[in-house]
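Here come two complexes built around chain A, the first alongside chain B, the second alongside chain C.
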Partner chain A sequence: MTTPTQPSVVVENVSKWFGQKVAVSEVTAQFGPGVTGLLGPNGAGKTTLLRMITGLVRPSEGRISIEGIDPHDDYRALAAVGFVAEDEAVYKHLTARKFVRFNAILAGVENPDADTDRVIDLVDLQAAADRPVGGFSKGMRQRTKVAAALVHKPRVLLLDEPLNGADPVQRSHLIDLFRTLGSRGYTVIVSSHVLHEVERMADRIIAITDGRMAASGDVRSLRALMTDIPQTIRIDADNPRLLAAALIGTPYASGVKLERDTIHVEAADPAGLARAIARLAKQHDVIVTRIQPEDESLESVFSYLVHRR
Partner chain B sequence: MSEEAIIVDRGYRPYEGARGTLRSSMWAIVKDGYRRALGLRRRAWSKVMPWGLIALMLMITFVVIAVAWFAGDLIPDLPSYAEYFDLTSQLGLLFVALTGPLLLVPDRVNGVLAVYMSRPLRMVDYLLAKTAALVSLMLTFYLVPQAILHLGLAGLSDDGFFTYLGENLDVLWKVPVVALAYIATHGSIAFAVSAFLGKSGLASGLYLGFVIITNNVAGLIVGSANFIGAKYAALFAIEQHPRYVRDWVFDSNAGFLIMEDAGFDAWVSAVCILFVVAGSALIVWRQYRKLP
Partner chain C sequence: MRTMIRPGVAIFRNILRRLMQRRVALFLVFATAAHALLMLTFDLTDRNFGEVTIGLFLAVALPVATLITAGAALGDERAENTMPFLLVKPLPRWVVAVSSLLASVATVLAVSMIGVLLAWLLGARATGDNMIGWPAFVAMVIVAIAYSAVFVPIGLLARRSTLIGLAYILIWEGIITSVVDGAAASSIWRIGLTAYADLNDGLPRGVDDLLANLEPGAGGALAKAFVLAAVSIGLTTWLLRKRDMA
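Now for the complex of A and B:
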């Protein structure tokens, strides 16, 4: 097993094409302990990348390793992996408990019954565990799949759109679960096209568009790197009109908008703007109650990433 | 303490205990195949066809033994071990038509291949486990009634139970060899057809249609066509090959065979069976290596 500081999953210059269609192009990334969000619009190549990591699809070029072993050369590397596929991937005639138990036996765990009970509890599926999966809602099927992926206590968890169909309570529960696993040092890779979910789950994101890696890192760092796009800062103050007028005269504000008691400032140099606000507020005797970046959300960052292409 | 309070998994740790081997994973697939084929742990209607065929198979055996017991003197030409295959091979064909698609199709349709292949398991292991499930089921289907027949006839023998067994030791290898010829021919085609279709019922129907049509067309061409090389159409009477091998093994002649009519020796049928198995395996492998 790798030590926590080492990346568990390494993707090196990986490409995959299906005939003329390039699904993934020259992606290089490392995934270590914690939750990494694999983010991209539908068809961006997230699923193909995950399937390559799990050994289901062989890369056309490049190399993938899990804990130092290429799953395409040595399938035993997959003993450390739990995978939730985007497809249904369940036997509808089996009960959730039997399906999870079958996965436990496939994974070769020592005590399949105990491990099955443990993960059924973990995904909060006790009440429905003995009902056939065919009668489940989409969200319950997702939880069944998550339980099946966790039953052998994997060190690397790959989740392809795991929250699809789950209701808000289930989503919250699953997000907490993934965060917990990530915080305990496990490598959790979650693909999603729902930005706010990724934002809640992931410490780090890897954004993919058109099969290429667009960005990698935490959201705030990524936003800070986009120096060519002015950041929008929201300022609440007791005399916004006066402060807005003062800000217009500084080189730090490239645009100022006043909206009721709130000022929205576009700043190419947010640090300089912050210093200017402090100085101007003191100078004009204005009380500033809040300064907040408005476009440091994943949604803003991602839209910048996508629109820049 | 509040009853609502529960800690379900404090201190999650990766599994570091003993792990089952590849063989245990494959055995899990084989067992799942048995349950699926026999409708175990499923609704009642799933059990009707497989257990109905098994019951018919056993019924034929018990009828033969009963006839030998009550009217053996009146009916001296009871079905031999070779002829017994003729009585039961159509049931075997139906059983394969039912079982082969059930073993392969639902995994693809339900997208569960991704579940298997994200485990430490290769596609070849998965296919071998499915083949093992089919072969062992079919061997049981063919051999258990034959064993009952053998023991029944031994029990009724005027020479005594053990004398009969001693005099018929060759049955112990001949019956399994012939059963394997039937299973190899029927099972491999059933798998090849199932590898392409998304519905088990459709795969069963197409498989049966393929076997019946190739037999009839081959018989028609060999029997009535005059062109040069017409006799080679007999090679496509796939269902007849295990029968010819059966006659070869038992040194018997249990009925009209297209291959014999066309002038081929029985070993040609044995080679044809090998070709059918190899061809089917290639087809299934080419289809599955692209999946999931």
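Now for the complex of A and C:
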């Protein structure tokens, strides 16, 4: 058992390759109590990293430990772990209650019925608990899997894209649940490719792309890094020529291109530019119909973070 | 050890239920009862009863039924991505290996039982020997254990386990062990056949040829099946520990 100051999960210089393909490359990280977001685009290596921590995938190089024990050498390390996989896999022939109870028995829970009821309440699945999981929506399956992962009161919770398929109400409920668990001292590692979701859940973010760690830190510092990224903003207006001319004179735009009714502005300071657009539009009596970032995809953000290292 | 019984039973029951609920289970019931249905059209004597039972049931229907069942025991867990529910648990891997092997054997016995009992009934009615089906029943248990021991790890290892298993049954067991001297000893269904021959008073017609030069012996056959099962559990445990189960 680790003390609150010790990391629960330690990943040391871990790499994994499948044949010629490098899935994870020399990742070193420590995870302690609280929610850590593992952020990266699809195919970045998040799932492989989580599966290595669970012992499902063996690292090609490096070492992983959970509360000081290597899960690949000693299965008892997994007593501390709850895992929700990304895919929709469940035992379709079981009801939600039987599915969770099955997981409880395998985890060695002494009173599986009581603990099953507890976690089914926790994920708000009471009404559907006695229906076969095979008939569930994707979001309900995710909640069932979260319940199954929590049934043995793990100290480390690994969640691979846990909000996939959940509707907005369910998302909000699950995010609150993960935050609560984090605040109670659980080590929660949650992967996602959606920045704003991770921001809502995590105290700390590890950004990963192409199998490598691109950045890590608290949400605020990572957000600050990302706001430094030059962005191209598309602006639609009823008099784009006038607005474009006005924007050229500001320090917030490093480049302005006009294309029919659309202005493409390379923003040196996106926040400053946003304020300037509103002020200039009002000043010149221009009606702005749309302002949209053109390259705010997570891939471009990560690409920037990787190349600036 | 005692603490492993409860999760082991849970895994056994879960795999058994999944295997029995597959549509293919119904097909296997008919496939393993085919020899009994054919017997309805034969002029039965105790001698050709044995030949039909051995030829069709032990050497063809039962190996194929076991292949399909045992290959899916852990193969389906991998294919359907449910393996993390078994493996991300504080459980030694041998519990999963033992439970899956037992579930496979139990499923094969369950789907094959109708055919065996029907053949037993028909044979007993034709010959007046109420114990005529007993040797076939024992042989079925031995063959189900031995083939499950081979096909459970293959199902875990290979995505196309059914094709690999069919090639093994048809080419190795069906042809090579029949024509190559000494190879008959490695034929799994012939292990069951040695038990069948040992428990039969007077060898049924044709069984002599099938036995090749193997000595009848029920005890030895059972021991071989258990050795195969032990090796299988060891191999499956090793695969579950050492191979990526993503």
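The working rule: the second predicted complex is superposed on the first by the 222 of 309 C-alpha atoms of A that agree within 3 Å, B and C clash if a C-alpha of one lies under 4 Å from a C-alpha of the other, contacts with A are read in each partner's own complex, and residues count from 1 in each chain.
The working rule: a residue touches a chain if its C-beta (ideal position, glycine included) is under 8 Å from a C-beta of that chain, and two chains touch if they have at least 3 such contacts.
Keep in mind it's a predicted model, so treat the numbers as computed, not measured.
Participant: So, on chain A, is it clash or fit between chain B and chain C?
Facilitator: The answer is clash.
Participant: For A:48, decide between first (touching chain B), second (touching chain C), both and neither.
Facilitator: So A:48 only meets chain C here.
Participant: Just to be sure I read the superposition right, which of the two partners does A:56 touch: chain B = first, chain C = second, or both, or neither?
Facilitator: After superposing on A, A:56 lies in contact with both chain B and chain C.
Participant: Let me test your reading of the model: by the given contact rule, A:148 touches which partner, first (chain B), second (chain C), both or neither?
Facilitator: Once the two structures are laid over each other on A, A:148 reaches both partners.
Participant: Examine A:121 and indicate which partner it touches, taking first as chain B and second as chain C; both and neither are also allowed.
Facilitator: First partner only.
Participant: Have a look at where A:181 lands relative to chain B and chain C in the superposition and call it first, second, both or neither.
Facilitator: So A:181 only meets chain B here.
Participant: Tell me which partner touches more residues of chain A in the superposed arrangement, chain B or chain C.
Facilitator: After superposition, B is the partner touching more of chain A.
Participant: With both complexes superposed on chain A, which partner does A:93 reach: first (chain B), second (chain C), both or neither?
Facilitator: Touch partners of A:93: chain B and chain C.
Participant: Looking at the overlay, what does A:268 touch: chain B (first), chain C (second), both, or neither?
Facilitator: neither
Participant: Contacts for A:105 in the overlay, against chain B (first) and chain C (second): which applies, first, second, both or neither?
Facilitator: both
Participant: Between chain B (first) and chain C (second), which, if any, makes contact with A:75: first, second, both or neither?
Facilitator: In the superposed model, A:75 contacts both chain B and chain C.
Participant: I need the one stretch of chain B that runs into chain C once the two models are overlaid. Options are 4-12, 112-120 or 148-156.
Facilitator: So the stretch of chain B colliding with chain C after superposition is 112-120.
Participant: Share the list of chain A residues that count as touching for chain B in one structure and for chain C in the other.
Facilitator: 51, 54-56, 75-79, 81, 83, 85, 87, 89-91, 93, 102-103, 105-108, 148
Participant: Which residues of chain A touch chain C in their complex?
Facilitator: 48, 51, 54-58, 72, 75-79, 81, 83, 85, 87, 89-91, 93-94, 102-103, 105-108, 148
Participant: Under the definition above, what is the set of chain C residues touching chain A in their complex?
Facilitator: Per the stated touch rule, the residues are 3, 6-7, 10-11, 14, 17-18, 21, 80-93, 241-246.
Participant: Across the complex, what residues on chain B touch chain A?
Facilitator: Within the complex, chain B contacts chain A at residues 8-9, 11-15, 17-21, 24-25, 28-29, 32, 41-42, 106, 110-112, 114-122, 292.
Participant: Spell out the part of chain A that touches chain B in their complex, as residue ranges.
Facilitator: 1, 51, 54-56, 75-83, 85, 87-93, 98, 102-103, 105-110, 118, 121-122, 148, 152-155, 158, 180-181, 184, 186
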